[in-house]
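Look for subunit A in each of the two complexes below; its partner is subunit B in the first and subunit C in the second.
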Partner chain A sequence: MQEMIEIRWHGRGGQGVVTAARLLAEAAMEAGYFIQAFPDYGPERSGAPIRAYTRLSRSPISLHSPVKAPDLVIVLDETLLGDPSLLEGLKPDGWLIVNSALPPEFVRRRVGGYKGHLALLDATRIALEVLRRNLPNTPLLGALARLTGLFSLEDLTRHIRHHLAAKFGEDVVRANLEAVRRGFEEVRIDPGQASPGERPIEVPSGGMALPWFELPRGGLILDAGNAIAYRTGDWRTFRPVVEMEKCTHCLYCWLYCPDDAIRVAGGQFLGFDEAHCKGCGICAAVCPPKAIIMVEESRVVAAV
Partner chain B sequence: MAATPLNLKVLSEKRTPLSGGHRLCAGCAEAIIVKQVLLAIDDPVVVINGTGCLEVSTTIFPYTAWRVPWIHVAFENTAAVAAGVEAAYRALIRRRAIPEDRRVVFVAFAGDGGTYDIGLQALSGALERGHKFLYVCLDNEGYMNTGIQRSSATPRGAWTTTTPVGAVMPGKPQWRKDLTGIIAAHRIPYVAQAAPSHWKDLMSKVRKAVAADGPAFLNVLADCNRGWRHDPALTLEVTRMAVETCYWPLFEVENGVWRLSYRPRRKLPITEYLKLQGRFAHLFQPEYQNLVAEIQAEVDRRWEELLRRCGEHV
Partner chain C sequence: MGRWMALEGTEAVAYAMKQIAPDVVAAYPITPQTGIVQTFAQFVADGEVSTEFLQVESEHSALSACVGAAAAGARAMTATSSQGLALMWEILYIAAAMRLPVVMPVVNRALSAPINIHCDHSDSMGARDAGWIQIYSENAQEAYDNTLQAVRIAEHPQVRLPVMVMMDGFITSHAVERVWIEEDDAVRAFVGTYQPACTLLNLERPLTFGALDFYDYYFEHKRHQVEAMRRAKEAILEVAEDFARRFGRRYGLFETYRLEDAEVALVVLSSTAGTARVAVDNLRRLGWRVGLLKPRVYRPFPDHELIEALRHVRAIGVMDRAIAFGAMENGGPLWLDMLAAAYRHGLHIPIANYVFGLGGRDITPSEIEGIFTDLMQIAERGMITRPVTYVGVRGEAPLPTPAEWALWLPEATIAGD
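Right, the complex of A and B next:
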């Protein structure tokens, strides 16, 4: 291994991004590495994009900034693939690891024609099957061990068991270890296509949106309700689907939707606002005739 | 002008006060409550919002989800700022800068941290001075915005990150504070407790509150699926169970008269409420049986006390 490995995790709040960054570091610590793991997020909520960082080193780490030039970029949620800063600073021989069931060419296209090393794992599927929740973090740890050779599956399993057992019951520990094992075995590797010396991708450098002197005085927001321009639809794991024949237009879904994502006109239910629906499932739960059901988002996307 | 009837077909024609694109958690009850509260009011509204999840997640620069005038204030002074805004409005009327018949309703939103704990002094002061505004406490029973720490609204036996479950303590050791009772003791014109699962009751209470001649206070149970540890889809079911078990009774105190708003046909055991939430999961282990019995006894005691205050048979 090189002197230091730097990892940047991209995911959404609630998917276990911070836990994954820490679990990896703790496992590495047991294996004798110096470690760091810390998250980086704004005032946002379950489902919002967040980042976390892990550093593993053979010598004490004096660097304390966010990871700018990662060896590995791990993406827990494929809806983040369009984020232009995703690959910022990724080393030319680094790896992009994505939680996705999509074919590699498709993922490469979604990240702006990325040509570097790519690894894919359908971690959400594994998590839903093994953990019964969309917690793709532990399967990805298995994939990471396989790719980097940092740990054998046995060592990683032992370290993770050690840390999870302190907090969780045997059932949860065992399910997570199964998720790690499947991640290790099911990861799909697609080596880089870049010719020697070619950069895998050109990453545009981000600038500040507005210089401070152009901000409205007092930080006022003068355009009431402009949050409508912000899409929260990609936070979904499940999406509502309606059987219109059963709908009685009682509008309980409209009343109880926290995201104003039920379209109604003239007292009639019309459908869902997919740009903002976060997939909480309240509409399905409160629907008296059970006209709304929740369907896994990836299946709907795959069917289109 | 007659008030908009509390009918969903008619209400759905109104402009919703909070747009999509805010960044509250999926399934958050706060957005549902804000919608019900503000849709009940037909007059122009100014919202005063104390620090907390609602403020942080609805106004991430350069976006705001609010379609009404809105001001953010610190945890401890939501009621003080609401009082100031209301006083400024009255001053402008006296100065004839705005017409006397221009009705404006002032609604303050803050969480239990900002109300039961940090903002209680400012709230008590504003209520005593008699400012005409509605204060809505979004009671999610903890400091959820900072990562699920206990507040004085957290119920006994609940897990939070600062009342972990283990050999030392069984979740939060103390009983929750009876804030609605404390506010009622201020003898303001209108005090009520409500839940979004009972939307008509909640919206009717908002109307009484804004029609009252003076301060009004509404304590609303605001389910937090992250902190209470349950599937976000269950938000309304958990809330309904809080009411059906008489853990969160619906009542109002109008000019000193206590009135029960809803009496469950059959009062369900508290376990029906507790079992839906991960924060109480430990209570179902044998060693905590006594604590469950204590919680049930306390719910019963508070419920019977309320029945007596409301002149209901016990």
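Right, the complex of A and C next:
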């Protein structure tokens, strides 16, 4: 392998993105690699897009700067496929790996006509079936063993035994091994075309443009109330759905919604502001007649 | 035997604290230090360490509690970042002047305003003259090793001063790396049992602590602090020597990389030194004679040793992750110290300052290669035209006119209204 492999993870707050980056590093450490796993911290809110990174190397890693040109981009959440920064810096012969049951053509279309190496694994389904919990990281490790050859299935087996045996029973260990094995076997590889010689995929980095002397002094924000411009609705992993017949228009939901995403007119509940509702579920929790339920966003998206 | 573990920087330090098993830890969580307090509190809750863990209501109280505990004869530790360190301010000086060997890991983070949680060195650099020993760590391993050594340094009979051990916020604190954790017994044998010089709880020998002290004695007591700081250098090396003998990892006052035959050298603290090493290797492959010096101990400042290590180069670049506002050229504190040291020890070569990475702004090997390019030109010309460069700040030239600068809300940004 090359001297160092760099990986970027994409997911949403609460999906275990940071844990995934760390798990891979730990597994690789046991296979003899020097490792680094670190998150990109911003406002950490449930459902917000989050990135994390893993570096693996045969020699000590002294580099402490962010990963700019990853060899692998791993996407834990399908709803992020439309994010234009997904492919940022991905090496021409790098791999895009997505936790998805969708057909490859569909994924390629959603990622702006991506032509390079692609691998798909329905890690969520495997996790739900085998581990009975939504922990897609474990089957993904199996897929990565297959794709990269960084470590073998035996290495992973040893690692999982080592880490889980002490804390959990043999059942848990066996389920995890099964999840890894299925990830290894079920990963769907769609090679596409590498484009050697082509420069890494670049994305215009908007925003950071003003020279220092043109910024308002003291960190003032001039367009107060600009929260409307932030589509926090994109962070949603669950969305509220109302049963109108049950609604008594008490407006508890309106009172409690932290994002002012309940639409009201003339004292009547009208629905949700989809652009800003981030799916926190507070409205569903406080609604006295239980008129609101939370539905997984990916199911809604898949149905569209 | 010890073992390799995959740990975040904060977890590595929490492990060190568990192995040191201080009598008292009083701390208040603050990003990005939280992992230290959280992990250590877990060790306490799980009964893995018998430390008296005090959850206080602020950092001011955290350090105050440590001062009280240390005066009572306990081995006391805390940890903080940024605003937390700022809130400890008045107690920093008290811990140092009362000569209490408190050890405090500091996870470097920018100071408000504007609010920022990411790495720069403004917090600990602001505390550089408070009378604490300051040690900076490049990665999780160094943070672990330095925390262990800090206890011995602080309690050294020639020293008895509080010690801060720094690591870079997020870059080191939240990155998982391979860390060699030593055996508990070996660590215990290394740090030893604390022998307080005198304690508040010794009923055989009642003492008054923290008394009033005017122009008749205050100055002499400050002279004590000077002497302790002066002797700390040797104690730090002595402790490092014992650490190397036991654990095999060697530390000094600073570390050099490919410096022996270098024409230009870069001086930089903490994690950026690791990134700079990659830049040095890249340029060495092109035949450039560039080298690196990473100070480990910043207080006491090893002025003479640093200058001797750099005497053969033709130009020096000093990278600062903080600004000493209003100081000469509005440069960084490390640069100011380096200039003073060079003057004091008769080294008359160009020494340029590169302020970088404020508020967590990335610094990459290619930017550091740019700095080396600048330094090569400076070495060539034998003089500096721009003493301080703010690396990566947008719009460095041309400078605004007084009229433009007086605009509190510049036109460009309100054009949309």
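Quick notes on this one:
Simple rule for what comes next: the second predicted complex is superposed on the first by the 242 of 304 C-alpha atoms of A that agree within 3 Å, B and C clash if a C-alpha of one lies under 4 Å from a C-alpha of the other, contacts with A are read in each partner's own complex, and residues count from 1 in each chain.
Here is the rule we use: a residue touches a chain if its C-beta (ideal position, glycine included) is under 8 Å from a C-beta of that chain, and two chains touch if they have at least 3 such contacts.
Predicted model, so just to flag it, every value in this text is computed and none were measured.
When both complexes are superposed on subunit A, subunit B and subunit C occupy overlapping space and clash.
In the superposed three-chain model, the partner touching more residues of subunit A is B, compared with the other of subunit B and subunit C.
Using the contact criterion defined above for the overlaid structures, shared-chain residue A:F34 touches subunit C, although it does not reach subunit B. In the superposition on chain A, contact of A:L153 is made with neither subunit B nor subunit C. When the two complexes are overlaid on their common chain A, residue A:Y256 makes contact with subunit B while staying clear of subunit C. Touch criterion met: A:A48 reaches subunit B, while subunit C stays clear of it.
Of the two partner chains, both subunit B and subunit C are touched by A:G219. Once the two complexes are overlaid on the shared chain, A:M4 sits clear of subunit B and of subunit C alike.
Once the two complexes are overlaid on the shared chain, A:S62 sits against subunit C while remaining clear of subunit B.
Once chain A of one complex is fitted onto chain A of the other, the partner contacts of A:C247 are absent, as it touches neither subunit B nor subunit C. In the overlay built on chain A, none of the stretches 19-27, 37-45, 163-171 or 217-225 of subunit B clash with subunit C except 163-171. Subunit A residues in contact with subunit B (one complex) as well as with subunit C (other complex) are 209-210, 219, 223. On the subunit A side of its complex with subunit B, the touching residues are 14, 42-48, 209-210, 219, 221, 223-232, 235-236, 249-252, 254-261, 264, 266-267, 273, 275-276, 278-282, 284-286, 294.
Interface of subunit A with subunit C (complex): residues 21-22, 25-26, 29, 34-39, 41, 61-66, 68, 208-220, 222-223.
By the touch rule above, subunit C contacts subunit A in their complex via residues 4, 6, 32, 113-114, 117-118, 138-139, 168, 170-172, 174-178, 271-272, 274-275, 277-278, 362-365, 393-395, 399-400, 404-405, 408-410, 412-414, 416-417. By the touch criterion stated above, subunit B contacts subunit A in their complex at residues 8-13, 16, 18-32, 35-36, 53, 56-69, 196, 199, 226, 231-237.
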